[in-house]
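In what comes next, chain A is part of two complexes: it sits with chain B in the first one and with chain C in the second one.
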Partner chain A sequence: MSHLQQTPGQPGISSSKKARWTGNLSVAQAISYLLLAVSSLFTVFFFAWVVIASFKKNRDLFKFPWRLPDTWSIDNFVKVWTTNQFGVYFSNSIVVVCLSVILLLIVATPAAYVLSRSRFRGREGITNFFIVGMGIPVPLLFVPLFVTLSYIHLADTLTGLIVVYIALSIPFTVYVLTSFFSSLPHELEDAAILDGCRDWQVFWHVMLPLAMPGVATVALLNFVWLWNEYQLSLVLINSPENRTLSLGLYALINSMQYSGGDWASLFAGVTIVTVPTVILYLFLSERMIGGMTMGGVK
Partner chain B sequence: MMRKRMIGLFLLPALVFYIGFVIAPAIQAIVLSFFDTSGFSDARRFVGLGNYAKLLGDEVFWKAGANTLLIMVIGGVAVFLLAFGYTMMINSGIRWRKLFRAAIFMPNIVAVVAITSFWSFLFMPRYGLLFSLLKHLQLDTLAGIAWTAPENVFWSMLLGLVWLSSGFFMILIMAGADKIPSDIYEAARLDGAGHVETFRHITLPMIWDVLAITYVLWLIQALKTMEFPYAFGGPNIDSNLYTTAIYLYVQGFGQRQPIYALGYATAIGVVMLVVTTVIVLACRRLMRRERLEY
Partner chain C sequence: MVSVVLKDIRKTYEQVEVLKGVDLDIREGEFCVFVGPSGCGKSTLLRMIAGLESISSGELWIDGQLANDIAPAKRGLAMVFQSYALYPHMTVAENMGFGLRLAGKTKAEIAQRVRDVATILQLETLLDRKPKALSGGQRQRVAIGRAIARDPKVFLFDEPLSNLDAELRVRMRIELARLHEQLGTTMIYVTHDQVEAMTLADKIVVLDGGIVQQVGSPLELYTRPANRFVAGFIGSPKMNFIEAEAITQGNDACSTILLANKRQLKVRTPASGSLKQGEAVTLGIRPEHLTLSEHGAIPGEIEVVERLGSETYIHLNIGLPLPLVIKVYGNPEVRLHQAIAVDVMEDQCHLFDSNEHSHSR
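Take a look at the complex of A and B:
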């Protein structure tokens, strides 16, 4: 509640700040408040409405979509979790996304370290080679990835999905980590070398700990992206028992056309998909937003 | 000093994954686009530029392309007006700056399928949220609009896509705006420049570069739009919602019945790759000319 400390008239506030709050609440600012509040409230409304809908009975949902439910019931959650297999999808998602992120970091961090911290011929070429990957439209890879994974018997498996997730996350991850490593000071590295550290010891004991904030941010962003992703899993996963949570939600929407619209259960599913990333966001929004810009604009 | 051996060892795993599952498939895609194939090598037939020739005469492809272009241009203008507006409003010295920013960005951390579920219910005919709201407000003419009818469904979808993307691009534009040195503003203020003047002569030119770069990012991203319209369209997706990426998927893997026109589908992907490359090259050309130094 830091804004409470900035109320006008309170002692200890710099004069320019004070003028900002008291003197001139211009028309422009009033409009800004209004429009920003409306936009923000729409987001809040979206989350609140979905969560409330997931506790409703279908009858109430359709009859009174704007009201709170008379009785709050968790039946919808029980139904999607068991009958619609969201329990299975949830654990698939946890396994796939966590393993992908961990392996991605193991693969990408050393590469980024070498690309930013050593001098060798072709370094710039390899860096650009990785960056080019960010420009390749993912749909171009749908067919060849499907064919390749079928060929090595990894189509329709979680392993295959993990491999593809790692590969496609490498360009962004290497790019961001390379610029993060480049921003670290040279002094500690030099000191470690003077103290007789071997090259890999410098990486492991000196540079990697320093790079941890960057590594954590990249891990977080990749977790959120892969958790929400469904187009690649749509192409690569066929068996219902191998679905990830996003794909499972898509499959549920699809099946509703035929089994009648159990929208209340659908929104319970939406809530289940949404909760993990929202919890992360509530605690780490600044880090996520900051990380987004690291790769976005150079 | 790093030894050669360590450099190699550190680079190798990333290169293996990246080449094996990004670069090689991309090259394979280009090769596949010259074939008529359903994925089984014995049934593969070389057709040269046949798939591309077929694309030229494929009305659905042009329809999907036109939709994609609408997203890139009309959606883009809407996204950037909103994102730029948000940036200016949040930076106008108001309170709860971080709170507003976090709230407006928040939809971007949610699965797209989750958002489209809500969006479908919002626009659902006869039962939807919007319908019942308009009905309560006695706005029967507005309530009578069929938001998901073939002629409107694309725009209902685009509205959601714009809502989602404006938060994302707000973040990128804000990051650029933060880099404008504040002493310039100070100097302008001392010289007696008003809000409007400061905006026109300092903020806009300074941020122009950032807007250009982020717009290119938007174009690259919008060109491959698939997840939002595809999930919004549901199982029997209306061809009015097709984008090139969706049409690629449909040609490759089909809807209810698989089509497996894999060569044809991949040719669509190659067209997307070419367009992306052209956009990037054009942008680099442009940037080199108008680099603004400060």
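Take a look at the complex of A and C:
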């Protein structure tokens, strides 16, 4: 008789299999899983609560804070998008962050490839130069950046912000991508050269496709950082029409002093700010994890 | 078919000279094997021929043309790497057609060529797979197929079988030999495995420490090694070496030597006539040229018996630091710690002088 007994329409697990499953789980493993589950629930819960709260009216939010909305209303989103100008801020953020990340990758990826694969005098010095760049505290740069951008008439412009974002992101991006490129086998380059590739063709046809997990990793990390970036945009952007979402959220919080605490709208604003990075992470996380572990497995 | 000529090829990394003047003439259609221990410079030499390493000094001639400054892709070479070096993000077909695509061939030409090569190597059903979905042997065939697709003048192989298991290695070795027979193209093959060298090569180049020790056919290296290094490197199990002293001068057909364990032995006098009385020499004798005998010239006690089925290796303690290894066909009735003796085939003895050069040359 088959060990697996199945009732129609229901997956069946024999009692011996179930006993084996729980028997194989040690106490230490069970505690680990429990702690991880609690930690995950803790994180997910508050995020989910904010999102759910954004679909409620304010009075329902305070009256029934832990209940699901009786009616799911998008009024808060509409209000924040139009009245509080989040539509403008959102498009500003999309333009600034997407362009920054794309241009950053265009600049940093070839640089990382050359620094990791070529041997020339000064290579280590240049690599260290990028690493040192990561150690500069950004607040120290507020005044010089503002002065410089003003001098070249890019202060209070999205273009100026993009340039600054790219410049400040290059060190970290080059550092991460250099180690990714270093982990790729040298024989692939040799094979490509023998097949007839020039240097840039080796990069374009062979090395860059293989480094995509690393590229996805830095793209995601930079996107998240730049999307949530607040201090630099606060210093460099003054006009309301040039605000990014982080500045817009700050403005929304300030306006709550005068609007009587429209918490539901605030949660809607937070949701608008948060959701894109969550969606991007969901799409790129597998590549990112692959990128994190690449080189650990031959 | 194309010849490859190396004239005083040297390679220096910073202050270290890793190749010290290599002169070599590889004829058209020849299967030439570079063999030697790790670090001897054989892969560096191959890479210099390929153009992946610069030549510090010397001349490389390919097909009658000085190739030192010719770009790797323009030398008409194709290389098969130890780690296969297949592009992981491309399918088998794309891997094999990549070089042709870069050369500007049309899609139809590339597809046809890939199909033809796939047929030769029985890869037709694998063309749409990625390398990660292939076994080691399949990957190796794809690597070879990629090389063949480019229709090179010379094939270069850098230890292509070293990542395969023993059984697959034997099969691929036979396939490579068939391929050479079929294509007739000049092939240069690098390996540290002397069995591969002996079975595949028309010509073997033995390297050690960046210096060519000997160049010759497999049998030539086996029967007339130029020095102790070649003698010890070629042949499995390794040649036995015993320190000795020449007692009689090399005038007669046979000479007598006194072994380090105080046993006297008659050996064939080297044809060069360079053996001098009292000269310190090293006797070299292959395991298969020793025969078990009750009252043989060299007695000893059996330390180890390795039975492989068709042959047996007996390690005999003859009172010297290293045991004598004897190769016997079949399964002789011997046991550990048994006292036996061995006879030496006089005409199969090799004598090496104090500089480790063979007295036969």
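Just so it is clear, the second predicted complex is superposed on the first by the 243 of 298 C-alpha atoms of A that agree within 3 Å, B and C clash if a C-alpha of one lies under 4 Å from a C-alpha of the other, contacts with A are read in each partner's own complex, and residues count from 1 in each chain.
Here, a contact is a pair of C-beta atoms (placed from the backbone, for glycine too) under 8 Å apart; a residue touches a chain by one contact, two chains touch by 3 or more.
From a predicted model like this one, the values you see are computed outputs, not experimental measurements.
K.L.:
Where does A:Ala216 make contact in the superposed view: on chain B (first), on chain C (second), on both, or on neither?
P.N.:
Neither chain B nor chain C is touched by A:Ala216.
K.L.:
As a test of reading the superposition: which chain, chain B or chain C, is in touch with more residues of chain A?
P.N.:
Touching more residues of chain A than the other partner does is B.
K.L.:
In the superposed arrangement, does A:Cys98 touch chain B (first), chain C (second), both or neither?
P.N.:
The answer is neither, since A:Cys98 touches no partner chain.
K.L.:
Identify the partner contact of A:Ile131: answer first if only chain B is touched, second if only chain C is, both if each is, neither if none is.
P.N.:
Neither chain B nor chain C is touched by A:Ile131.
K.L.:
On the A-aligned overlay, A:Val88 touches which partner chain: chain B = first, chain C = second, or both, or neither?
P.N.:
After superposition on chain A, A:Val88 lies in contact with neither partner.
K.L.:
Tell me the contact category for A:Val51 with respect to chain B and chain C: first, second, both or neither.
P.N.:
neither
K.L.:
On the A-aligned overlay, A:Glu187 touches which partner chain: chain B = first, chain C = second, or both, or neither?
P.N.:
In the superposition, A:Glu187 touches chain C alone.
K.L.:
Let me check the overlay on chain A: which residues of chain A are in contact with chain B and also with chain C?
P.N.:
Chain A residues touching both partners: 193.
K.L.:
Write out the stretch or stretches of chain C touching chain A in their complex.
P.N.:
47, 50-52, 72-73, 77-79, 81-83, 85-89, 98-99, 102-103, 146, 150
K.L.:
Spell out the residues on chain A that touch chain B in their complex, using ranges where they run on.
P.N.:
It comes out as residues 3, 6, 20-21, 26, 28-29, 31-33, 35-37, 39-40, 42-44, 46-47, 49-50, 53, 62, 65-66, 106-108, 110-111, 113-115, 117-118, 120, 126, 130, 133, 135-148, 150, 163-164, 166-168, 170-171, 174, 193, 199-200, 203, 224, 227-228, 230-231, 234-235, 245-246, 249-250, 253-254, 257, 263, 266-267, 269-270, 273-274, 277-278, 280-281, 285-286, 288-289, 292-293, 296-298.
K.L.:
Which chain A residues qualify as touching chain C in the complex?
P.N.:
Listed in rising order, the residues are 185, 187-188, 190-197, 201, 205-206, 209-210.
K.L.:
What part of chain B is in contact with chain A in the complex they form?
P.N.:
Going through chain B, the ones touching chain A are 1-4, 6-7, 9-11, 13-15, 17-18, 20-26, 28-29, 32, 39, 85-86, 89-90, 92-96, 98-107, 109-118, 120-121, 127-129, 132-133, 136, 163, 168, 171-172, 174-176, 195, 210, 213-214, 217, 220, 223-224, 226-227, 230-231, 234-236, 244-245, 248-249, 252-253, 262, 265-266, 268-270, 272-273, 276-277, 280.
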